[in-house]
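Accompanying notes for the structure given below.
A, B, C and D label the chains in the order they appear, each numbered from 1.
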Amino acid sequence: MSSVHVTTTINGDAVDFVCNADEPLLDVLRNRLGMTGSKEGCGTGDCGACSVTIDGRLVCSCLVLGAEVGGSKIETIEGMAKADVLHPLQKNFIAHAALQCGICTPGFLVAAKALLDNNPNPSEEEIRFGLAGNLCRCTGYDKIVRAVQATAKEMRGA
Amino acid sequence: MVEVHLWGALRPIVGGAHSVFVDARNIRELFKKLGEDYPSFEPHLKRGVAVSINGKIYRDMWDTELPGDAEIYLLPRIPGG
Amino acid sequence: MPLDTSFVARKFKQIGTRPLRPDGLDKVTGRARYGADYNAPGQLIALVLRSPHPHAKIKKIDTSKAEKLPGVKAIITSADLPDLTNGDRGMRDMLENCMARKKVLYDGHAVAAVAAIDATTARKALKLIKVDYEILPHVTDVDEALKPSAPVIHDDIFTDGVEPKPAKPSNNNKRATFGHGDIEQGFKDADFIVERSFKTEQTHQGYIEPHACVANVNPDGQGELWVCTQGHFVYRNQCAALLGMDISRLRVTASEIGGGFGGKTHIWTEPLALALSRKANKPVKLTMTREDVFRASGPTSSTSIDMKIGAKKDGTITAAHGVLRYHGGAFPATWAEFGAMTAFACYDLKNVRSDSIEVIVNRPKTAAYRAPSAPMAAFAVESAIDELAHKIGMDAVDFRIKNAAKEGTKSSYGPVYGPIGIGATLEAAKNHPHMKAPLGKNQGRGMACGFWFNFGGQTCTDINVTPDGSVTVAVGTIDVGGSRASIGLMAAEELGLPYEQVRVVIADTSSLGHNDMTDGSRGTFSTGMATVAAARNCIKELCKRAAKMWDIPEDAVEWVDGMAKPAGSNAGNFPPLSIKEIAAAAGNTGGPIAGHNELVADGAGVSFATHICDIEVDPETGLSRVKRYTVIQDAGKAIHPTYVEGQYQGGAAQGIGWALNEEYIYGKDGRLQNAGFLDYRIPVCSDLPFIDTMILEIPNPNHPFGVRGVGETSIVPPLAAVANAMSNAAGVRMTHIPMSPPRVLKAIEALKKH
Amino acid sequence: MLAKEKGLAFVLAGGTDLLVKMKAGMIEPDLVVDIKKIKGMADIKKSATGFRIGAAVPGVALSENAALSKAWPGIVEGANLIGSKQVQGRCTMIGNLCNGSPAADGVPALIAARAKVVVSGPKGKRTIAVEQVPVSPGRTCLKKGEIIEAILLPKRPPRSSDAYLRFIPRTEMDIAVVSAAVNLVLDPKGVVNDARVALGAVAPTILVVADAAKALIGSKLDAAALEKLAAACSAACRPIDDKRGTIEFRTKVAGVLARRAAEIAYRRAGGKL
């Protein structure tokens, strides 16, 4: 298959890239744009480590073709902190020990942000189901759920 | 002379006994003498043997002394995850 | 200065506090660099060709077409990895596992590898390699492999540990026995006996980061390897040995590690990447796919265990006997032995025996998985103990308390215990509010105990005082769960510095002496010990420098709360010198100030845990959900309690997954059917409740701060805790793990029929 | 374009299965056509005759449509069970249908609803029933160059509703081991006067169980009717043993799920149990 030229917006910046027609967005981000914050845990949409949002919708970037995202607005983990100010989720993931090895953390943060953007006051169950597409093998999810709960509370109060 | 208890896999190499007496001051000497007396001890040592002295398990410190009245067990050297 | 490693009770200033981990910020911003996040300039991409057959002779490998494909820079087969292992069976097996030689031994066994300019070219090249196989009969089940009719996988394996040596080779590479007393008499003395057979299916550590490395070997014999690993020094030593390199010439840098749990204590594709790089004379990046990880890294054993335990009416266990069969995958190993050692370790038994039988099957080489071999043994023992308590009519906790091991108990694996925590965890469980909480419809509660050895090993730490008085600590053990924070705390405590002034880094293999891997729950235990020793050496040097500055004798200076002070009034009346002041003057008092230590951290404390589980079972579908879960475990001393909790919770979650749904499923064709996270079902967030933790602290006498390892024990009790809860919820005694809905429903239906 | 391609051509809407197959090397397409930006493909339209759901509508958009969720809650819950939140942002019902999997979560409720699809191809358009699309696991009745452009759902009479349940061992992320969809219409007294029951993952294609529907029609979903429903469902099953479940398990649980789905649909339609 041939190469495709794509113009898109990533974390607010205009980005141009050329990719193979069959190349997943995740590979474009990691291998062509040097944005290695999105991780490949499976490549089949089962682990969520590559989560990004496209036009506000949470997706696995391994299940999206680079060729599809022309004209879209993509948000990745690299765009979550604004300069030196961490997003409250990022701050709380550290403070609540919601990460150990950290490989799943970018995907969890992107998914949790998408969750809170849609639902600022989720129940424990809504958090758990909202994050069910992200696998973590270190934490048993306990401290992740608590960090999201704490963030939701903090952001509602703000 | 110390009495050294053996786990099951080592018993056949000493003729089935559950323990043997060895004249050794430390772990290094113990392994050396066991190797001399029982040639088939060597492959076990290569795979990994740990020594429990009064309940404290030594895997690597072969200088460790063997007190005469100590309870000494040879155990497989365990791996971890 | 040799370190006195014995525990000394003291009041800590920083140990036990909960500062933020130093790697947190990089991890929440996506900047932390894992195995696949590094690229070398001009690197090639490598892929591995794997066998579709579980057992076959390799008659011929034809790489000629692939070699001609433009963009292909190197292709290797076993011919490029000559056997340099010189009779060392363990190393030879490692080599053969990395790349099949005369035979393929499991579905997914590597047969060739390609390095090309990009992944697309490498994929095309793999398809052009023709392998001519002669398919052999295979066996993947642990019990089937022991039958006389089973195909023998290695014709040079004769059962070890039996006399006389067997005349014929078999798939049973070793037998061993542990225990003491007279079990026959013990069973005669019993009023009640429970006798059952159990099976557990194979599980995978399931770390989210697939193995990845970048290798760079130059024609002059120097090489570098960037890799995700639990032990970069061990990877270095083993790779260098297999490739015939001088160890010093291979420099290994460990990436951040995206989970390991034992699975990254063994080398898999790293020697292939190095061999490809050497052949192509270019850097080579090799990343396993998720499918590769399941098919060809190192899951744990599947097992078959016979268990018999007897007790008197008053609840005293009179005898216990287990026969444990574990497989090592396609290579000889001793996993059953470790299961047999741990099986009965929680109890004070007069008559006990465990027999281990090691089995070889056509599955990938078994690797360590968190407290390797202990969870399956605990499943069998704790299930039988629970059933026995029911038979006698005793409360399951009281029955265990009555028989629990204590200081002075002769352990089932031989030695006599020092101070241990099993009794304390049981008492804590008995009094825990969880035990008294009401249960809903179709719910049941179960509990179980677990044991793990922990160990120490070779360790080496450097502390360097920088010119402004802040401190760097270079360690050689990989941080898998927050050990940079706990080691930073220990260094800060010992030096009397704020935690923030200590930076802990994982040094590469050329910057520090050999360190064993982060396994056996040894990271915080052993590197902590070496760090305390290095800090004490550093303090000695700091005092020496202060003495020079004051012009008084060295022994007239003492170190108090991060300051040098004159020791006693006749030493002189000087205001204390801070580390900052001493560091600033270092250039004129003898140069850089450092403290080093190399040691073998033997004497890790054995560790015990008790878990409580509530489960709800749908009697019409066999579906179960864990509703509440509590972990009680002895940590010795929790250096960073939050991260200790994290270890407890993570281990419990892995154990729950193992208990309920995780399993390797092989077809009749010997191929793995569920090599992905879709059908290898690890727990997702909505599957689990919050996991409560309770940290007990019974100091390890062999560590200056009392630390025992904490990483592994928490995976030992869940299999049985869940099974016991299931039994109380649905009335079915599940003897086959995982307790997946089809198995549970079948048991419930069978119960209805009786 | 699809018709002209001599090699292997695929339609990309959500791509949540297509990319997985490409990754595994199972397929190497010569042509992939992204239909998301074709007019009408990404909308849900309500009309006098019912709903029209475009081929590129992602799962998450269905639950965001209040009118659709009210009329066809079973269809929406089926679609919303396809994969994780991440997959929901991409996957489509028609993609789910065109995979031809008997375990597809999006399909049984469509079949129970008597939904139709608009197939368009080089020779024009045709409208066929959803259950005609899959012919065997992984295969559909579509000819080269044909695509499905929309799903058509009929208008709802009063006192009607549907429900979909599937069995998975975890709470999320699994493929259905067994599934059941029930579509009911009640009379003013709460008696079922129309019913349709479809089962997933118990045969090579999704089953419509006429005997199960018969068991419900004329009843107020009393215990005997539900028992008959469950028995009819179990009797209709022709499942296989595989890595996800056994014949025995699927057969038994198909009846249990059908019964539970019927109860939910009945309550949703305004019936009292």
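In this section, a residue touches a chain if its C-beta (ideal position, glycine included) is under 8 Å from a C-beta of that chain, and two chains touch if they have at least 3 such contacts.
What you see is a predicted model; the values in this text were computed from it and never measured.
With centres computed as the average of Cα coordinates, no chain lies farther from chain C than D. Taking the mean of the C-alpha atoms as each chain's centre, chain B and chain D sit 66 Å apart.
The centroid of the Cα atoms in chain A and the matching centroid in chain C are 29 Å apart. Chain centres here are Cα means. That of chain C falls 44 Å from that of chain D. With touch defined as above, residues shared between interfaces to two or more other chains in chain C number as follows: 205, 261, 677-678, 683-684, 686. Counting only residues that touch two or more partner chains, chain D has 24, 171-173. Interchain contacts give a graph that is no line, ring or star and is not complete, per the touch definition above. Contacts from chain C toward chain A in the complex involve residues 20-21, 23-34, 36-37, 39, 120, 205-210, 256-261, 287, 289-290, 480-482, 642-643, 645-646, 649-650, 652-654, 676-678, 682-686, 688, 690-691.
Listing the residues of chain B that touch chain C in their complex gives 5, 7-9, 11-12, 15-16, 43, 46-47, 52, 54-61, 64, 71, 73, 75-76, 78-81. Of all residues in chain C, only 88, 90, 160-163, 174-178, 205, 261-263, 265, 334, 337-338, 341, 355-356, 368-372, 413-418, 453-458, 517, 519-522, 600, 602-604, 702, 711-712 touch chain B in the complex they form. The touching residues of chain A, counted against chain D in their complex, run 1, 21-22, 24, 43-46, 48, 51, 54, 57-60, 62-65, 67-68, 111, 114-115, 128-130, 132-134. Only residues 20, 30-31, 35-44, 46-47, 49, 76-78, 80-81, 86, 90-91, 93-95, 97, 99-106, 109, 125, 127-129, 131-146 of chain A touch chain C when the two sit together in their complex.
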